[in-house]
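Below you'll find a set of structures to go through.
Heads up, the next two complexes both have chain A, just with different partners, chain B and then chain C.
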Partner chain A sequence: MISLTSPIRTRAHSWPAGLKLAGLCLSTVVLFFIKDLTAQVAIATVVATLYALPGRAFLAAGWRHLRGFWFFVLIVAIYHTAVGEIYEGAVILLRLLSAIALANLVTMTTKLTDMIKVVRFLAKPLTIFGLSSKILELSIALVIRLTPVLVEKGSLLSQSWRARSRRKTSWRIILPFTILALDDADYVAEALKARGGFTLLKEN
Partner chain B sequence: MIQAPIHSDTTQEIGNDVDLAAVSFDVDGQQILHDITFKTNAARVGIVGRNGSGKSTLARILAGLITPTSGVVRVNGHNLAKDRRAALAEVGILFQNPDHQIIFPTVIEELSFGLTQTGQSDPDAAGMAQETLNQFNKSHWRDANISTLSQGQKHLVCLMSVVAMAPKLLILDEPFAGLDIPTKTQLNRYLSHYSGSLLHITHDPADLQSYDHLIWLDQGAVQETGPCDQLLKSYQEKMNLIGGQDDISDLSD
Partner chain C sequence: MEKNVALIALFAALIAALGLIPKITLLSGIPITAQSMGIMLCGTVLGAKRGSLAVVLFLVLVAIGLPLLAGGRGGLGVFTTPWAGFLFGFPIAAFVTGLIVEKWRGPNLSVIAITASIIGGIGALYLVAVPYYMVMKPAGLSEALLTAMAPFMPGDLIKAVIAGLVTGALYKARPASVLSRANDS
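After this line comes the complex of A and B, so read on.
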């Protein structure tokens, strides 16, 4: 989600985020009821056209985001070839790719702050059970902020391993990585406290 | 609107009353700080000491982030560990590692957060954050993603976020350790313009050359307090002396 940004500003950027997400929900449900290959090919073509509309740069960015799923495509393809259900396999694959592509499309054309506003709206009923929507928002922001930091820490840890080992990094770095992450969490909690923490957050 | 916390002329810096009486801090029975007592209202206060002398713990106690095991801490008469609302107006703290301080993914969100915490509405906070960016001539940083910034730039974001809240006292916990000379010089220039008072914690005497009052911390206790020139000289001599020895061999109990 962090890297799922658009290289250009499209017309869809100004559409309401809630509407886009509702549309995504509906189209994904519809996708699951369509079992006809021709219809799925038609839908996939429409999705590809949507990506092509804002121009070449957008289409290329969209393709890059989708390319990461090649492994799942491969597994589904191998399985269905093995059990001899080529037609069903093709329907499932097209459905999967269209659904992911549509979801990416919404993410690419929606600003994070707009997305968080939708979450705040949806979480409103939960406030009667004591959930603060401010805390929820803060948590989302923290995840987005700290994921690149943790990825960087993980890669540094794996480099320290490789600097002193001929073998590949193993699962044994998971424990030190967890401790590192918990330690970081302590510091961030302190920084949060230094600027008022949750107590003042709830009062606002 | 807040008063401009950064000024370019030579306005007199205002000191804050920092008063510690017999402050001790223990972790699992081990004493980190021992009977710290000092009082100052200098505008530029420095705390020097070796790694592990308890400097960072003292910074956190002064900011009210942790409560001392015994003793009394007052900043302008407030007990900041208890009164967190007052704490935001009295002190801001800058940590050593920006990745431990920055909570939000973009610059403007990070600057706005502290302001909303002091009770500003979202649009007001955004406006004041923008104002702070302008003061630092960094209005083009507004929507920049934190993960794309250099280490020095992240430090400046931390500084701007704290300055935006205009605390009377800014506590710096080894803020620029590990940065290159130009970056450090540039950040120090931004700091020297701060109109509130500074309490700078460091192991490096070079950081404190122009400070008004210094406190030397050693093994969790106050070794010496006094004006800059005299204290830094004896600190430097002692550090060189220890440097010639081998106390790195000693393990703690």
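After this line comes the complex of A and C, so read on.
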């Protein structure tokens, strides 16, 4: 599974992840209070320029990420056209796009390992409840490893359904799919225990 | 402990996988992504605590930049839209769903799980998502209901019924697997 971090190195890749996230929070709050269309157009232009700076390939990748949000843009556009609030609609749409684009920019320029460090920092207070950040990190690794495994098994289930039926894959494969996940959980738990389990993790 | 972590991780992966496997077609021919059904299943199968933790873990992975949401979306951008209330509401939805299945001990688990999925996976979820949308967009109540609730409601109702039926069938086939019903949980 590939993270959404851009392989194209930018200067922002080496900036501290915490700083980028704090900046993102601040700029999103500021964006929220700007109700002027010209200002929103200016901001959107700046954001687009930020994407264009590292080169055409980076811009194209950024556009692909933004394109996934077409449904939301469509809903807002239809609603504001229908009620006749074109100006407000344009402000809201531009703000929405700038906010998504800025957040995606942070994701694209921050390595997964740096993000996990931030999660580790944020999870520190949870140790009061007895939740070790090491267990959290192990869980993150487990999900990253197991999601492709489950997707593969799900696709196989779907294929075997289609091999036997003329109809399209039905919701009925969800049951065997859930059972597969439960069985895998048994194996993973056994494997973790066999390797010393969490007692070892806590000692190290 | 190891078992619980494995279950939470596997169900977080299950939510992701349900959004990534080819779309499932209903009898009526409408294709749906099964991701929000994964949230309901976390509650009905794992119970309130483990179920909501699995959902939180899933959201952490989305936030740190993995494309796990339906359609391969992910990263921080998805948390900035006015619809992000759905994401923030997911753990609460799983918790409420799980709590109802745990507390309501009736004979027919399918019916209980369907009801729980509707109250938790739809009721509790929209109780978070709609006000969030109203504040963040900002929008009035009628607009929020029209643009944040109406487009997703029919699909969510269908998913709640399927999640309930799957839970009931799972309980019949392997009672021990439905942890929300296990006495030791």
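We adopt the following convention: the second predicted complex is superposed on the first by the 201 of 204 C-alpha atoms of A that agree within 3 Å, B and C clash if a C-alpha of one lies under 4 Å from a C-alpha of the other, contacts with A are read in each partner's own complex, and residues count from 1 in each chain.
The criterion applied here is as follows: a residue touches a chain if its C-beta (ideal position, glycine included) is under 8 Å from a C-beta of that chain, and two chains touch if they have at least 3 such contacts.
Remember, predicted model here, so these are calculated numbers, not experimental data.
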{"item": "Room on chain A for both chain B and chain C (clash or fit)", "value": "fit"}
{"item": "Partner chain(s) touched by A:24 [first = chain B, second = chain C, both, neither]", "value": "second"}
{"item": "Partner, of chain C and chain B, that touches more residues belonging to chain A", "value": "C"}
{"item": "Chain A-centred angle between chain C and chain B, computed on Cα centres after superposition, in steps of 10 °", "value": "80"}
{"item": "Partner chain in contact with A:184 - chain B first, chain C second, else both or neither", "value": "both"}
{"item": "Touched partner set for A:81, first chain B, second chain C, both or neither", "value": "neither"}
{"item": "Touched partner set for A:198, first chain B, second chain C, both or neither", "value": "second"}
{"item": "Touching partner for A:174 - first (chain B), second (chain C), both, neither", "value": "second"}
{"item": "Partner chain(s) touched by A:49 [first = chain B, second = chain C, both, neither]", "value": "neither"}
{"item": "After superposition on chain A, the shortest CA separation from chain B to chain C (Å)", "value": "10"}
{"item": "Chain B and chain C contact sites that coincide on chain A, given as residue numbers", "value": "2, 112, 138, 142, 144, 149, 184, 188, 192-193, 197"}
{"item": "Complex interface listing, chain A residues touching chain C", "value": "1-5, 21, 24, 28, 32, 65-66, 68-69, 72, 75-76, 79, 83, 92, 96, 99-104, 106-108, 110, 112, 115-116, 118-119, 135-136, 138-140, 142-144, 146-147, 149-151, 154-155, 158, 167-171, 173-175, 177-179, 181-182, 184-186, 188-189, 192-193, 197-198"}
{"item": "Touch list for chain B against partner chain A, complex", "value": "60, 63, 65, 84-85, 88, 92-93, 95, 97, 99-105, 109, 113-114, 116-119, 146-147, 161, 165"}
{"item": "Of chain C, residues touching chain A in the complex", "value": "1-3, 5-14, 16-18, 20-22, 24-27, 34, 37, 41, 45, 57-58, 60-61, 63-68, 71-83, 136-137, 143, 146-147, 151, 162, 166, 169-170, 173-174, 177"}
{"item": "Residue ranges of chain A touching chain B (in the complex, touch as defined)", "value": "2, 112, 138, 141-142, 144-145, 148-149, 184, 187-188, 190-197, 199-201, 204"}
